[in-house]
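Both of the next two complexes hold chain A, though its partner changes from chain B to chain C.
This part shows the complex of A and B:
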């Protein structure tokens, strides 16, 4: 365990724990966009920045992203001050110009008193805030079908060569994790479309309900070593089946005792 | 032939010496990037063809040597005849026959090919005496321009690999590190971190393996020092890296070179192959326990990959994006293992430090910045080229004594040091001593050593716009302050160039710069606003002229200037014939006029008029 000071309070934390986790445990709120418990931190949005120093640093302070900074013995952390407020406000101000149609950005920015951007707004700007949550969750799932491509202001998340990603299995994790709902998808009839790629949905053998994509099912069967017919029925029908089997067993057992 | 002992290396060196003694006269032909563009490869071929047919005393076909950059790019292509040091500049293929028949056969000097100082009209026969060379001191560049980079024998005969032999003969790894620390050598890539301290931390790191990386991803516009070392003396980089590997206990290394440097890649690969062939790389180097091998890792030319963490990710085959380094890369670098990453020039200094000792090196330069530094002089300066000078030399000495002053003897306005992330220093800073700390204290930085000189016809607002544009294009786009912040900063800067900026926007730019500096993830963003901040610090009046009066004092920003022909015009028609927009009209020997509407302000007429009959208003 290490001892450190956050906003004047002394706290204990596990070695290797990140500052943000400790702060959240203490109930300290800092804005975050790219942070998500399911994935590795990356420090893209810079909103969770805090100012740190140590007693022997002779008053020298530096700004670090708390999501990535591991706790250290004797660290003195400040989570809210004028400088940090200015950094967070400017970041959101810049995002307002880049993603003028995003409710998510607008809501966060309004908390900093920003109704409209101080910078020239890009009317064509999309809602992607480059938090990499989608690409990171795809990496965690072991597919890495999409990745950040291009550079700088032109950067986008896309499949290889800007085409439909061949490795995508249509699991929708990216769409669900996206904080701004930028990643669009739809299910029409037996077809799911995401990243310009079309997938066939599995139809439950019993009730006919559409479940997941064939590619996703095959991937799970392989990864988790499930029986190959596992996804032929939907969850509800599977539960029904289990109940039926269990019921039959109970009846049989009762008959045997009588 | 494997050189499997130090004794064998010494013996080999003596053998080469005897062999090379037979070649009394040497004709060195610079094949550096500048001279090559001027056709020096054709000059080399011409020499070889003629000498094959002709028999001249003391001159053989082997006398003709191709070398790396000799430095004086402004006077290229150049041919140097040693041992007399005769310096022929601006040589063309047609001159080769003359040089052979007159100079080599009869010992006559061809005066028209010699260097003539444009200010004093003094003619110099020997290159060492030319002011451009006389003020320099070469350590990292000691062999560049003197030896054939393809021949390992050339390197060895000039004392190559003797520093390696010295440490293997009787220095412990910590003694090597001790020498490097004592020498005070600081990283030549820009940040100026102590090389010794870096090595010590890596050597002490418990995790294994340790890696040695060389950063050859020089990407600053106008910088070509590392390129010239890699092209002109690749073995010195290798030797520096092998010594480092011995000191920090590494067996594997990489040289990261951008693919835009094809000759550097070829020459380094040849050097690696040769070193491996002779047992200077690989297992049991020189018959000792030292095992070290290295590979070239080619980069795609992204500026951000010069940043350490992005470089390491790129070497590992991942996307070249930086990551936050709260654990230093010397402890968790390539593949999360302890890694020493040094710049090409830093490694090139190592063999000399080992050979001549730390005290010798520390005596050169200033107390806190020891040794020498290579710079590439570019921009509006007479003597463009590659130089190496002791630290602590004044900016003035570099620009006027070595650089020969400003083109057309115009007025000096600013010098940009440290590449796009560096800063522009004005005329009253010319007395500054060039070292890591002085430059940083004055709002610029040493950087890797690019030096771009600007004259009074430069607009500093436009300079800021240019470099911000470069950084916007090179930002990796991972973090918000750099991706969106630099983009907006550039946009606002562009508005000022068009005369549409406001005073409020200037204030906004200054505030935005603060967030970009403290909020960005890596060095690119953290130093990104420097072009703007250093120009507004020293040239605020120019910004104000753009914003308040819609005027461009430098006469550069197209939207704010008009060209007008004055009464001095003699109707020579020169401007009329170069005008691509057909905006100039007038008869021969009569004053011309420019149609303001048609004129696209390219400045071609202004450049071509040699009687100053065109004004920029």
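This part shows the complex of A and C:
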């Protein structure tokens, strides 16, 4: 166990635990955009920045991203002060210039008193804030279908060469994890479209309800050794099947006792 | 001490009290359609309360690519870690008993976690068709 001080309170933490996790456990609210429990932290949004110091640092302080900084013995952490407020405000100010149409960014920025960006606004700017939560979740899934492509201001998240990613299985994890809902997808009839790629949805054998994509199911069947018949029917029909199977057993047992 | 969630379909009368108890505890507006226990008829006036079996080698746990579903050794339940869940619905598609579902209103995956060791459905079942009993190791 490691002892450290956060906002004047002494807390204990497991060795190797990140500062952000300790702070969240204490109920300290620090804004985050790219943080998600399921993915590795990379410190892309930089909003979870905190100021740290130690007793023997002679008053020196430094700002670090708390999602990436492991706890240390004797660390003194400050999560909210004027300097950190300015840092977070600047980040959101820049994001507001990049993604002027994003409600998510606008809402966060308004909490810092920002109505309009003080930087030249990119009118064609999209909602992507380059947090790469989508590419990281795809890595966890084991597909790595999408990645940041191009350089500089042209940088976007896309499939290889900006084309439809051949490895994508249409699971929508990237779209669900995206904080700004920039990744667009739609289900029309039997087809799901995401990243300009089309997928066929599995239709329930009994009722015709659409479930996940065929590619996603095949991936789970292969990777996690699940029987393929589990994916043939939808959850509603599977529940009824369970009731029927159990019911038949009850009837059988009753007949046996009579 | 280990506990076991017992379902005795012979005793079920299909009164749906369990469904209501669960819905009032978890679902928005107490909608019974979003409950985690489903009393379903297999024949006329014959009901079976279908609820998560908390399988030993659970398909939902296997299907989850993000380790959001884990077993709680104390209660024996497979619990969903909402912080890790990305709502990809792999568990919903994989469960062979259909006991994981999506709550579209609240945009989350719904799965029985035995109420962290005190299932309300068992408390409210008037026929004692649902029981949470101690078992020997």
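Here, the second predicted complex is superposed on the first by the 258 of 258 C-alpha atoms of A that agree within 3 Å, B and C clash if a C-alpha of one lies under 4 Å from a C-alpha of the other, contacts with A are read in each partner's own complex, and residues count from 1 in each chain.
Heads up, the rule we're going with is that a residue touches a chain if its C-beta (ideal position, glycine included) is under 8 Å from a C-beta of that chain, and two chains touch if they have at least 3 such contacts.
Keep in mind that what you see is a predicted model, and the values were worked out from it rather than measured.
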item	value
Fit or clash - chain C, chain B, common chain A	fit
Which of chain B and chain C A:120 touches, first, second, both or neither	first
Per-residue touch tally on chain A - higher for chain B or for chain C	C
Contacts of A:164 with chain B and chain C, given as first, second, both or neither	neither
Which of chain B and chain C A:91 touches, first, second, both or neither	first
Partner chain(s) touched by A:64 [first = chain B, second = chain C, both, neither]	first
First (chain B), second (chain C), both or neither touched by A:38	second
Chain B versus chain C as contact partner of A:76, first or second or both or neither	neither
Touched partner set for A:49, first chain B, second chain C, both or neither	first
Touching partner for A:224 - first (chain B), second (chain C), both, neither	second
Minimum distance between Cα atoms of chain B and chain C in the superposition (Å)	22
Of all residues in chain C, those that touch chain A in their complex	9-10, 38, 40-43, 46-48, 50, 59, 62-63, 65-68, 81, 83-90, 92-101
Complex contact set, residues of chain A against chain B	42-46, 49, 63-65, 68-70, 83, 86-87, 90-91, 94-95, 97-98, 118-120, 129-130, 132, 147-148, 150-155
Sites on chain A touched by chain C in the complex	36-38, 137, 140-142, 171-173, 176-177, 202, 211-212, 216-217, 220, 224-227, 229-231, 233-244, 246-248, 250-251, 253-254
Contact footprint of chain A on chain B as seen in their complex	302, 304, 319, 321, 323-324, 326-327, 472-481, 483-488, 491-492, 508, 511-512, 514-515, 518-521
